[in-house]
Every structure is written in C-alpha cells, then in structure tokens.
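Below are two complexes that have chain A in common, paired first with chain B and then with chain C.
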Partner chain A sequence: MRIAKPNTCFWQGSKACAEGAITAGCRFFAGYPITPASEIAEHMARRLPQVGGIAIQMEDEMASIGAIIGASWAGTKAMTATSGPGFSLMQEFIGYAFMTETPCVIVNAQRAGPSTGQATKCGQGDVMQSRWGTHGDYSAIVLSPNSVQEMFTLTVRAFNLAEKYRTPVILLSDETITHMREQITVPSVNNVEIVNRRKPRRGEKAFFGLEEIPPMPAVGEGFNVAVTGSTHDEYGIRFTADPLVHIKLVKRLNSKIRNNSNEISDFEEYNIEDCQIGVISYGCTSRAIYEAVEKAESKGVKTGYIRLKTIWPFPGNVVRKMVENANKIIVPELNLGQIRYEVEKASNGLAKVIPLNKIGGGELITPEELLATILKEAKTND
Partner chain B sequence: MTENFSIRKYLRDLKLPFCPGCGIPTIMNTFLRAVHELGYENLNNFVFCSGIGCSSWIPSPYFNADSIHTPHGRSIPVATGIKLLHPKLNVVVFGGDGDIVGIGMSHFIHAARRNLDILVIMVNNMVYGMTGGQVAPTTPFKTKTATTPYGSFEQPLDATRLAVAAGACYSARWTTAHSNDLKESIKKAIQTKGFRFIEVVSQCPTAYGRRAGFKNIAEMLKWFKENSVPIHQAEKTSEKELEKRIIIGEFVERRRPTIGETIHAMIKEVQMNAEQN
Partner chain C sequence: MLNRIEVRISGLGGQGVVLAGQILGKAAVYAGKNVVQTQSYGAEARGSAARSEVIISDGKIGFPIVRKCDILIAMSQEAVEKNVGDLKEGGLLLIDSTTIKSAPEIGGRTFQIPATKTSEKVFKEKLYTNIIMLGALIKITKIVDGKFVEKAIRSTLSEKVATINIKAYRKGTKLV
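What follows is the complex of A and B.
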C-alpha cells in the first residue's frame, strides 16, 4: 500500500493527519509519546516505511523537532506531533526553524493545561502559545482543523505553506478532533495541490535573503550552506552585533508572513454581512456553531459566523466586516478566553465581544449552550 | 608528506573569533590536517552540526562546507535527521562540554545507544567559556570558576567513559598537547562506522585558566602534558592516584550495526512485503 487511495473512509483524526502528511510528501517523522498525539506517531511508524520514509521515536520532544529540522535540511518534508507539554519543549526549536527558514510541520493536539493538566481531556489553551510561544519577534502560521476531513486537508496545506514560505507551520488540533472518528473523503493524490520548496540554481549562494522567500538547498548538494539560528546575512554568515543585519533579517522573516496574510488566511463565513449576532470559533468548539446558528435564525435572530481555519495570521479583515453589522460577537473557546482578545482588537469597540468559555474534563461547548447565549444576547441591549 | 598543506583550502575567508591562546585553532588545524591526510580535497562529503559555545563555532561558518549551527545542546538531534536520510555523508558534530554533556547530555547518550553513525568531537575546556567562565559538568573538583568562587563542589563527569557505557563504537580522549595522537585518532574515527566520540581537553586561558590559577597558556599545556596518563597505564594505577589526572588514549573500538543500517534494511523489507501483498 502506497499513498492512500481515493475512497470514502471512516477514519480517526490522527490517521487522517498521518495520511495527509504522506500525501503531501512527508517522508520523515520524529516524535515522542504523548496523549493525545501518540496515534499520529504510531500511524506514521507503520506507514512511512511502506512509502520509503523514516519514522523514529526520539528521546524527547526537543530531539524530535531537532531531527525533523535536520531532515528538512536533508531535503525531505518532515513532521512531528505532540500535545501541550511537548509543545512547550519544542518552542526553542520553533524559533530556530523560523530564524533558519526551515520548512516543517508541528502538530499540537491540544489537551487541558497548564502543565500536565488533564492529559486525556480536550482543551484549546495553546492558542496564544502557538502564536507567541518562542522568544523574540516572530510570526507564526497556525491552522485549526475542525473535522477528520480537515485533519487531512489542513495537514496537506500545512506542508504547502511551510514549503512555500520556508517556515515552520503549526497544525493546532485538539484532543477531540484528533481522536474522533468520522467519515472522510480521501482525494486522489492527483487532485491534491502539492507545493515544494524552491531549490537554488547551481552557483547560487544567497539562501537567507536577497529575495523575500529565498531558495533552499539541501546539505550534500555542494552548496556549502551555512545555517545558523544566530543573526546572519543573506549568505548565512553570522553577525552577532550588527544592528542593520539583524533588522534586515528579522523584518524580512516577519514580513514574508505578514505581507501574505491574506493569502495564508482561510476561514468559513456565513451571513457576516447581515447579522445582528456574530459567532467566531475554531477547532472542536466550532462544531457547535452550525446547529446553534441555524436554530437561532429559525427563532428570528439574525446570526452569522466566522469559523477560523487559520488562527494565525488572524484574519482581522473579516472580523471588521462582521462588526459593520453585528453589534455582539460571541467567542466560544475551551479556555478562559484567548482568541476573544484578537476579536476585541479587530472589532475596535464596534461590537461587544462576549466570551463563552469552558475548561476541564474535556467537556465541549454544546450547540444548546451556544444557542442559549445567542438568544440571551439577542434579547438584551447593552 | 604534508609540507605544502594549508588549512585555508577548507576554510571560508573569514577572520576567526577565538581569544589569544585558545585551544580551538589547534583542534581546527588538527581536524583539517586529518581530513587532508585522508585525501579529501574539500569538505563536500561532510556535513557539520554544532550547538552553542566557542567550539560550536569551529565549523560554523568557518568551514567551507554544509554546516548547521543549532540551538544549545541540540546538534545531535539535527545530525540524526540528516544522517538517517543521507547515510553516505560524513556527519561530524563539534561541541563543547557544556553543549554535549551539559544541556545536550541526553541526546549524546541516546545517539551512542542507537549507534548513530556520526563523529562527535567534544572540546572540553572544563568551563562555560563563551558566557564568561561558569562551572561546567566537567570542571575539576574544588576549582574556582565565576559561579563557584569558593571552588567547585561537584565531581566532574567522564564523558569518554560515558560514551563507552552508552554504546559508542569508538571513544577516545586527548588534549591539545597531544595534537599528533589527536590527528591519528580523528583519522581513525572518520574511517570507523558507528557512533564515534573524541574528547579533546583544551585550554581556555581567558575564562578558565586565570581563575583556576594558571599564570599563562604554556603552564596550562604543561599541566595537560604532565597530568595525562595513557589508558593502558591508568588501568594499572589506583583510583586515588588518578584523581585530577587526565586519562588519554582510545577507550573502545568495536563494530555493531548502526541505526541507519537497521532502519534502511527494515524499509527495504517492508516495501518488498508490501509489493508482494
């Protein structure tokens, strides 16, 4: 069995993620056991050798992401998968991958934190960490799947964005989406868009600048590439004190993502131009919005929603569009309030932002709870 | 035989950053001389990984080669990804004692256990030099450093023996006062398969020597020479007598299957079975 054949299947999210990665061209996986991401490693361990790839269990999460960064510089698409505690350990190397422009995919199946928290229970507490977890000025690309189907398609997209922008991409899943089983339509590999990093031409020497997204050689190809997480010029030569080299590098690394945020951003929207109440949601929580919004509308409340498929860069534009009409925006999250602050920032006082939060025990926000909040807010004028 | 040899052919045209009297240029020179004597005209068959610290700057970016300068202590995991996918490249890790057996200790042990086919050269200056001379896992007992102003109260680690215990195929220790032995050892290590480890005890006059009580560099090198005990001699010497001595020589030479050989054989088998099914 090679690449997954086109078919309608009943898969677990972790399997969809692994198969999506293999379809995208991933041939190296390194990970460390952690609930609820272990199934991704298990699936990769079984499947990668079948397609000529390597899956290895490393001694910890730092080594896991280190190995995939090495693999990426060896010219191979590579992925690791973890959950909150491991994601914390990976922050050092996420900054390194950003600084060295190393394409790779990091899956974080979120569970309830902080710390060990409730290891087997769902959470959405790593939203801000996925954006700001490593030190220094950086920009993150973070995708948020809300179905088994999207565990496949967004994993493919994570690889494509990583390869296109030469940057680490985070697939911010959660325990529910990773563990749940549902129907998935596996596309034919010929119908899947696959992006590969741009390779340098013979004789090229600048792999860290000159262009917004420079070409990337692999080791062993004769380019004598010098890779460093220290501040470096276009040729990879370290400059540990020069302010101009630092400004030029760090601004370009950030602007290559910020300047392309419209292209990177992806979301599902409904009725945002004609709603009184807006709902903005992502991941497992967003599965409640469809039923809640439909029922609210049947009760005469003009309701719309934005369902984020990319959390970072945050699509502020579409929120601004929503607040032209909506005077209240409900933000359901399995944390004590994280994305609500981004929504508040984007809505700029034009709408009241109402957080709807739940944590602990893996309890999800139900359509009924969301509906009740929508109806309550529709009735009150404040 | 090597009269016309210049290490410049292996270097980028950059000014080296090391302090006067540092042991690193000796190690750099010795390594490149070994490479030259093995007949490599350039470093195209090599990939260098290093972490953070003075000795991690040996290859990065000074060697005209592929070099990956990683976060502190993390060179070996990056080397793991590279070596597994490029079995034919010579992957060499340079790092300090803090990098390899301080913050990166676990990666070091596991790479030796897995028998990852790489060469790790650890420059042991017995101190955190780049950050100003703080105590290291290798600092001799009772030695004064910036963070042990009354003398170190910890026992130092024997990294070369640790490599043997963890499963290395080659493990040796030398000092910068033994550059010819070191060169021959590097040549042997490059030609050996499996996890290979060479520890080079090196002088750091700036951050170590002056606090530890050495007046000058020559004194440090003299100390290396006079305190070094060849391993065959050490085996006949009591533990008490070996205190504060540097045991030099080759600690192990052996052959066992590397992780790369095992993985690639497994992949072949899995693919063959998959085709038959």
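What follows is the complex of A and C.
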C-alpha cells in the first residue's frame, strides 16, 4: 500500500488530512496526542512507514514542531497536528519557522478553549491566535476546511503554499470537521498539483534573500548554511543590532506573503453582487449557510454568502465587493467574535456587521438560528 | 423532495455507538448515498454520554448535525431520556431492553431489542451490543441493503473481529 488509490471513500476528516499530506509528499510527522487531533497522529504513525516516511511521538508540542522544522531542513516535507493547548505551546517555533523560512504544515483542530476548556467539544476560538500568536511582525497563511474533502485538498494546498513561499502554513480545522466522516473522492496522485521548494544551484550562497523567495538547500547537500532565528542577512549571517538588515529581512518575509495575497486567498461565494443580507463564515459554522440562505431566499430575502477557505490573508477585496450591495453582514462564529472585526474593517462602515456567536458544549450554530437572524435583520432598518 | 434519513445512536462511552454509526454510514456510501456521520462524547474513555449521528441523503448534506431524528437508537436509560425529545413525531425508537427498564411512551413505534442480553448469551460478553442493535435497525427499516452493512463491517474491522461482528449483525436481524 502506497499513496491512497483514487476512489470514493467514507473517511474521517483526520484521515483525509493525513492522506492529503502523504499525497502532497509529506514524509515526516511529529506530534503529541491531544483531542481532537490524535487521530491524525495515529493515521500518520500507521501510514508513513508504508511510504518510506517517519512518524514520531515527541515529548510535547514544542518538541514536535521543533522536529518538523529540523526535518524540513533535512529536505523532507513535514507536518504536525495539535489542538488549542498544543498550538499555544507551538507559537514560539512558528515564529522561528517564519523567520528561518522553513516550509512546514501545522494542523490545529480547534476545540473549546481557553486553556484545557472542553477538550472534546468544538470551538473556533483560535482564529486570531492563528494570525497573531507568535511575537514580532509577521504574516500568516491560514487555511480553513469545511468538509472531509477539503481536509484532503486543503492539506495538499497547505504543503504547496508552504513550499512555494517557504513559510509555515496553518491548517485551521475544528473538532467537527476533523472528527466527522463523509464521503470523499480521492484523486489520482497524477491529477494533484504538487509544488516542491526551489533548490539552489551549485555554488549559490544566498538562501535568505536577494530574491523574494530564495532557494532552500537541505542539510548534507554540500552547501554552507547557517539557520538562525536571529536577524540575518542574505547569507544567514547574524546582524543583531543593524537596523537596515532587520528592516530588509522582516519586510521581505512579510511582503512575500502580502504581495501575493490575491493568489493565496481562496473562498466560495454566492450571490454577493445582488444581496441585501450577506453572511461570512468559515469551517464548521459555514455548514449552516447553505440551508439558511436557501430558506431565506425562498422567503424573498436577497441573501448571499462568502465562505472563507483561507482566513489569512483575509480576502478583504471580496468583502468590499459584497458591501457595494449588502447593507448588513452576519458573521456566525463559534467564539465570542473574532473574524467579525476583520469584516468590519473591510466593509469600512458601508454595511452593518452583525455577529452571531455561540460557545460551549460543542454545539454548532444551526441553520434555524442563522435563518432567524437573517430574517430579523432583513425586517429591521437600522 | 429528496430522500433523507437522520439517525441518532446514543449510549455510553465504550458501548461502540461511534463504530455502529461509522459502519451504518459506510454501508450507505456503498449503496451510493450521500452520508455525514458525526460523534459527540465526553472527556472520559468510558461511562459518560456518547452519541453518534448519521445523515443519509440523496441530496447534498449541508449541516452535519442531527436536530430532529427519524430514528433513535438508545442503549442506556440516560440516553433514551435525554434524546427522546429530539425524535420526530412518528419517528422510530429502538431501545436495548436489557439496559433500559422504563421505555418512554412515544407516538411512533418502539422496538425493544434485548441486545446486551443476546450479546452476553451468544458471545459471552456485551461487546457486540452495538452491532446487534444495528442488525435490528436494518431488519426493521431496510435503510440500506444488508450486504452493504456486511461489506462495511469487513472493510472497517480486522478479519477476525469482522467475522464475529457479522455474526452479531445477523443475530440482530433475527431479534425482530
């Protein structure tokens, strides 16, 4: 058994994530068990040895992300998977991976926090953490799947973006999408676009600059490489006081993501140019929009939605397009309100942003609750 | 109107409610249906309330959680009391009559299946209660062809375990 055969399968989200990673070329996994991400580790532990890879259970989450950063520098595509408490522990190393331009994938299957919270229950409270969790000026790429199919395709995409932009990429899933089972069409590996990091030519020395996305050698390939989280120049030499070196490095690291945000950002949209009420959602919460919007339309309310597949970079452009017509935007989230602020910023006062929030017990926002909010907001003019 | 059936299997952690849902879901996929299966359980390995839900549909499934179910399978007293309110009017209730001593009065049909007792009698342990209940469900409702259920059991469990579970499944079909 090697790469999963093309077929229609009934898989758990965690399995689709693991198989997506293997299809993308991931051959190293390090993790520490935590609900609801343990099944990803379990599946990687079973499958990676079958494809010539390695899976390790580390002593904690810090060691796990440290190990995948090391594996990436050894030339291997690598992934870890965790949930809120483990994701908090990983923040320092996410910054290190960003600063050292190390491609890797970090899966966070969100549960209800803060702290241990409700370990087996769904939540979406880590949205801002996934963007701003580590310290310093940085830019994050964060993807948000809403089906078992997307646990596969967006994991592949996470690897492709990590390799292309030489940066850590976060797959921000949640308990519901990670644990649920659904049918999935597994593509033939030949039909999957796979991006690999650009390697240096012989004699090249600049692995941290000169170009927007520099080539990346692997340890043992004969290049002299110094990898450091301290500020460094194009050749990896530390400059811990020189402002110009710091400005040049940190600006490039951010601009390589910000300048390409249109290419990175991905979303599903419906009727955004002709709606009175807009809905913007992501992950498990977005599973309620289809039924709610259909019923709202059948009651004569012009409704549209944007479903984010990338949360960061946030696709402000499409929100600006939506508010040209919509006068209200509802933002359902399984937290006390996070992406709503981003929507408010993008809509720039042209639409009223209405948060619809729920936390605790893993209970999702139902289509009925969303529909009731849509109908109420359609009736009131304020 | 497209055909859509929503099933909730409820019980205690350790009773295999998730596995029963997984097998039912897989069988329905083999039968060409759209399926979503979700689960909810406590932080404890065993003993706290657990449930598994399966939505089987000819159409696209958006919201993955069962709000009102057509069929409720209950395997503990607590489970039946907590979930019977979510059963649709005229819905079908299947209870394990070994573990549930007082079945609530409902508008629809109730089937009492001595699943735990049968499992202990036939297999010397109560491990197969979940699959016996599944067998009864398939016999009563025919929501999927039995051959797909057996195929799902075989493709989910190891050969040895699958053989016993298929026996348990067939036993379940004979209890109603």
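By definition in this document, the second predicted complex is superposed on the first by the 382 of 382 C-alpha atoms of A that agree within 3 Å, B and C clash if a C-alpha of one lies under 4 Å from a C-alpha of the other, contacts with A are read in each partner's own complex, and residues count from 1 in each chain.
Here is the rule we use: contacts are C-beta pairs under 8 Å (C-beta built on N, C-alpha and C of every residue); 3 or more make two chains touch, one makes a residue touch a chain.
Here the structure is a predicted model, which means the values were calculated and not measured.
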{"item": "Partner chain(s) touched by A:H179 [first = chain B, second = chain C, both, neither]", "value": "second"}
{"item": "Partner chain in contact with A:N259 - chain B first, chain C second, else both or neither", "value": "neither"}
{"item": "Partner chain(s) touched by A:G220 [first = chain B, second = chain C, both, neither]", "value": "first"}
{"item": "First (chain B), second (chain C), both or neither touched by A:W73", "value": "first"}
{"item": "Which superposed partner A:E291 touches (first chain B, second chain C, both, neither)", "value": "second"}
{"item": "Chain C versus chain B, contacts on chain A by residue", "value": "B"}
{"item": "Which superposed partner A:M62 touches (first chain B, second chain C, both, neither)", "value": "first"}
{"item": "Touched partner set for A:T228, first chain B, second chain C, both or neither", "value": "first"}
{"item": "Residues of chain A that lie at the interface with chain B and also at the interface with chain C", "value": "none"}
{"item": "Chain A-touching residues of chain B, taken from the complex the two chains share", "value": "12, 14, 43-44, 47, 49, 60-61, 64-71, 74, 76-86, 88-89, 106-107, 110, 263, 266-267, 270-271, 274, 277"}
{"item": "Residue numbers on chain A that touch chain C, as the complex places them", "value": "8-10, 35, 118-120, 176, 179-183, 284, 287-291, 362, 364, 366-368"}
{"item": "Chain A-facing residues of chain C, complex", "value": "22, 25-26, 29, 34-43, 60-65, 67"}
{"item": "Residue numbers on chain A that touch chain B, as the complex places them", "value": "1-2, 28, 30, 49-50, 52-54, 56, 58-60, 62-76, 78, 92-93, 96, 219-220, 222-230, 236-238"}
